[in-house]
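Both complexes below contain chain A, partnered by chain B and then by chain C.
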Partner chain A sequence: MPELMQFLLSGVTVGAVYALVALGFTIIYNASDVVNFAQGEFVMLGGMFTVFAFEAGLPLPLAALLAIIATAAIGVALNKLAIEPARGAPVVSLIIITIGASILIRGLTQIAFDKQLHRFPAFSGDAPIQIVGATMLPQSLWVIAGALAIFVGLWLFFTRTLTGRAVLATANNRIAAQLVGINTKYVMTLSFALSAAIGALAGVLVTPITLTGYDIGIALALKGFAAAMLGGMGNPKGALVGGLLLGVIEALTAGYLSSQYKDAAAFVIILAVLFAMPQGLFGRQSTDRV
Partner chain B sequence: MRLSSKTTTLLALAALIALAPLFFPSSYYFRVGSLIFVNGLAVTGLVVLTGYAGQISLGHAGFVGIGAYACALAPVHLGLNPIAAAVVGAALSGGIAWLVGRPILRLKGYYLAVASLGFGALVSMVLANEAQVTGGPDGMTVPDPGLRALLKSAGLDLSNSAFWYAFSGIVLVIGAWLALNLYHSPTGRALRALHGSEVAARTVGVDVAGFKLRAFVISAFYASLSGSLLALQNKFITPDVAGYMHSIELVTMTVLGGAGSVLGAICGAMILTTLPQVLTVFQEYEQVMLGLVMMLVMIFMRDGLLPSLSRKIRGRGK
Partner chain C sequence: MLTVEGLRSRYGRIEVLHGIDLEIGSGEIVAVVGANGAGKTTLLRCLSGIQPVSGGSIHFRGEALTAVPAHRRLERGLAQSPEGRQIFTNLTVEENLRLGAYLFSDARVERDMEEGFALFPVLKEKRNLPAGGLSGGQQQMLAIVRTLMGRPACLLLDEPSMGLAPILVQQIFDVVKGLRALDVTVLLVEQNAFGALSIADRGYVMETGRITMTGPAAELIADERIREAYLGI
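Now for the complex of A and B:
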């Protein structure tokens, strides 16, 4: 039993990060129909900026805040310079543009910083906590709590504020949203900023556990993308469930079956879910207009 | 006499392959050339899948891996000649594509992308983890098929790199010829019809699922043969050929050059294969340049390099 608890705890921690990356995918997808493969790079940038600001002597909270703001700015730049000019391009082209952006960001990071792995100290020490016979790092609690806080905050934002509803309206029907006077360009910019900031925050939370380096983004983007698809693209609830599910499945496979095939299990489940439900777990049933 | 665009494309390609060696200062260029042809072959398959039928695959390196490892494994375990092994690998890839394609191709757009990505990831994981069979991440050696020795005994003595340049060049021209023929065949028309609109294609009686599957299997054949060629000329193979990055590279080459045209896609293969070789001088900036090229071409030339350029030139002529 303590074994199972241990796997579940580590699965939920990793899953919370996947959920945040998937949420980033979801927000941008809703606003612009683009799947942003540079999402993993936002997580990497959040970690890297914090590391270097912290090493330059800033206190950790300030370093993290700066990192999140800087990453959000990069997200906005990505939208203005690459996504807006390519409006209406086919899916394959958009995939290549964002993958190109991720390669570019990786390259620039490697030049501006270095190729080493980095970390900064955990927020509340490294002494493990005992929970029902399983051990857990305090930082894991930070990750899980952070993810929850973001999901609750976003839910409030989307349901209780005018701007949030404008974003939802744009996601629902872009032209109709424009007709009622919503500035959809602003909504897109906001979505990229928000999504980059969430990614960066995930990076800040998880770096003390998993370390950060210029090339950690690819794996995260793939897992986050898979989690978002598992839950159903465009659905924040789906992102949360998909991310947590993916993290737990991976941890259980690594624990009970084979650690080499933990990534395989995730993809097998995704294939199985997509075969049975081509729109993912919570995806909308779509009908083609002819 | 006016030549059809198919004939001109093939002649241009063949002439380019045959004449380029006149300007090669060293055998290194033969090596880069044959790499271009190997990638060009896989990319030609993707033209059928993406350019003709409009389907995305982010997992085709999986088939490249199957083809490559067939050439390494079949000679050891089945005692086959490596060339025969390549054929077996292609058949296996086609079979797997047929099995996997049925459920996967029901998905659309990004869902298809993630499903094919998952398939590719599974193949590369199996190749990397089943070390007792595949040698794991260290890779394994591939036996020589003995073709060069055969040519030598027939009186034609080519250097190793020149031989593989010629061999992969010939395979590429044949592959391009078949793909161009397909374009004007009933199958090609059906594929283009379902690319335009699946509903419309279905209304006029096109078996949409069946034709998509056909395109997927054909592109798997091409990818598999490209993997075999790579394995044979390198005489060594690692699981990296089946990796996610290789899938992305293949799709990028296809779309960068112009997914709708065979020649364009091969141009894309040429650019993305030579770019890293040229950029080794600025090793630090290799990724930056690659990322920029991908973004700029896709933003400013949506149909890909070759179709956009040729339209511009033709537009000026009028």
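Now for the complex of A and C:
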């Protein structure tokens, strides 16, 4: 029993990070139909910027804040410099552009920083806490709470504010959105900024546990993408459930079977789900009347 | 109010508007009629800014519009209710209407919404349902009211009667006629030439990217050639 609890806790922690990455995918996908494969790099940048700002002597909260702002700015730059000029190109080309951008960001990070793994201290120390027989790092609670806060905040943003609804409207029908006076370019920029900031925050939260390095983004993007597909691409609720599910499946496989099989088990289950429900768990068939 | 001179537009290398001249006075209802593929929709898309213009000029209330992006034209008073209804299918009826007034957040938004519901009471019954589930006619009503929420001085209406049952067509044309009382100038593009010309003050006939005839709506309806070509009488 304590084992199961232990696996579940670590699964939820990792799953919360996957969920945030999946959420980043979802936001940009909704605004532009583009799957942004540089999403993992946003997580990496959030961690790396914080590490170096912290080592340069800034207090940790300030370093984290700067890292998030800087990453959001890079997200905006990615949109302005690479995606927006190619608007009108097929979606596949745009996706390939994001893959190129992720390689570029990785390369630049290697040059600007280094190839080592880094960490900064956990927010509330490293003394484990006991929860129903399982031990847990306080930082895990930060990760889970942070993910929850972002999901609630975004839900409020999309359902309660006019700007949030403008983003949904743009995702639903770009031309109609322009005709009611929505600046759809601004919505795109906002989506990239939001998505990058969320990725960076995930990086800040998780770095004390998993460490960060220039190339951690690839695996994260892959897992986040899988989580988004599992939950149903384009649905924030799907991102949350898909992410948590993926994390828990991995942790259980690693715990009861072997940690070598954890990726395989996760992907087998995703394949099985997608065979039965190609839309993902929460994806819905769009209803259009002609 | 709206002056179009020598307007040209192309899709890729194929020019579809070959120099359109058009003039709409304040408070008028003007119909542009013509067969499928004549370029009517392209003309409206140029006016609202979602279709690039390759030549000529558009002036609205004395101001050149050609370089103004689509989302800035509504704040100048020019609104388009697009063909094929183009509503936000995954948002509710009420959210659609609220977004129609995206540029505004004052007390009038609520009042305008109630007035819109008064025009088409069925929308009020369905205000909290996703717009994608409405019938074709209801979606058209929603599209018109949503456009009115933007407080246009001039409304560009693209094929409001397309694909609707005759009784709904009459209801929609009645509402368009009623816009005159609200001081809204209307440019109505229709394949249903008879319906459009019978509520319009003036009309233009479009054929393959050109204006071929123009005149008071009553005269156009009476014209032999038009009766034969478009009215099926």
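Throughout what follows, the second predicted complex is superposed on the first by the 284 of 290 C-alpha atoms of A that agree within 3 Å, B and C clash if a C-alpha of one lies under 4 Å from a C-alpha of the other, contacts with A are read in each partner's own complex, and residues count from 1 in each chain.
FYI, a residue touches a chain if its C-beta (ideal position, glycine included) is under 8 Å from a C-beta of that chain, and two chains touch if they have at least 3 such contacts.
Predicted, not measured: the structure shown is a model, and the values here were computed from it.
S.K.: After superposition on the shared chain, which partner residues are touched by A:130: those of chain B (first), chain C (second), both, or neither?
M.R.: So A:130 meets neither chain B nor chain C here.
S.K.: So, A:166: does it touch chain B (first), chain C (second), both, or neither?
M.R.: Only chain C is touched by A:166; chain B is not.
S.K.: Touch test for A:178: chain B only (first), chain C only (second), both, or neither?
M.R.: In the superposition, A:178 touches chain C alone.
S.K.: Who contacts more of chain A, chain B or chain C?
M.R.: In the superposed model, B touches more residues of chain A.
S.K.: Could you list which residues of chain A make contact with chain B in one structure and with chain C in the other?
M.R.: Common interface on chain A, chain B vs chain C: 288, 290.
S.K.: With touch defined as at the start, can you tell me which chain A residues reach chain C in the complex?
M.R.: 162, 165-166, 168-169, 172-173, 175-184, 286-290
S.K.: Which chain C residues qualify as touching chain A in the complex?
M.R.: Contacts found on chain C: 48-50, 69-72, 74-75, 79-82, 84-91, 95, 98-100, 102-103, 105, 130, 132-136, 139, 146-147, 149-150.
S.K.: Which of the residues in chain A end up touching chain B in this complex?
M.R.: Going by the criterion above, the answer is residues 35, 82, 85-86, 89-97, 99-108, 110-111, 218, 222, 225-226, 229, 233, 260-261, 263-264, 267-268, 270-271, 274-275, 278-280, 288, 290.
S.K.: In the complex formed with chain A, which residues of chain B make contact?
M.R.: Per the stated touch rule, the residues are 50, 56, 58, 103-104, 106-111, 113-115, 117-119, 121-122, 125-126, 129, 197-200, 244-245, 248, 251-252, 255-256, 259, 284-295, 298-300, 302.
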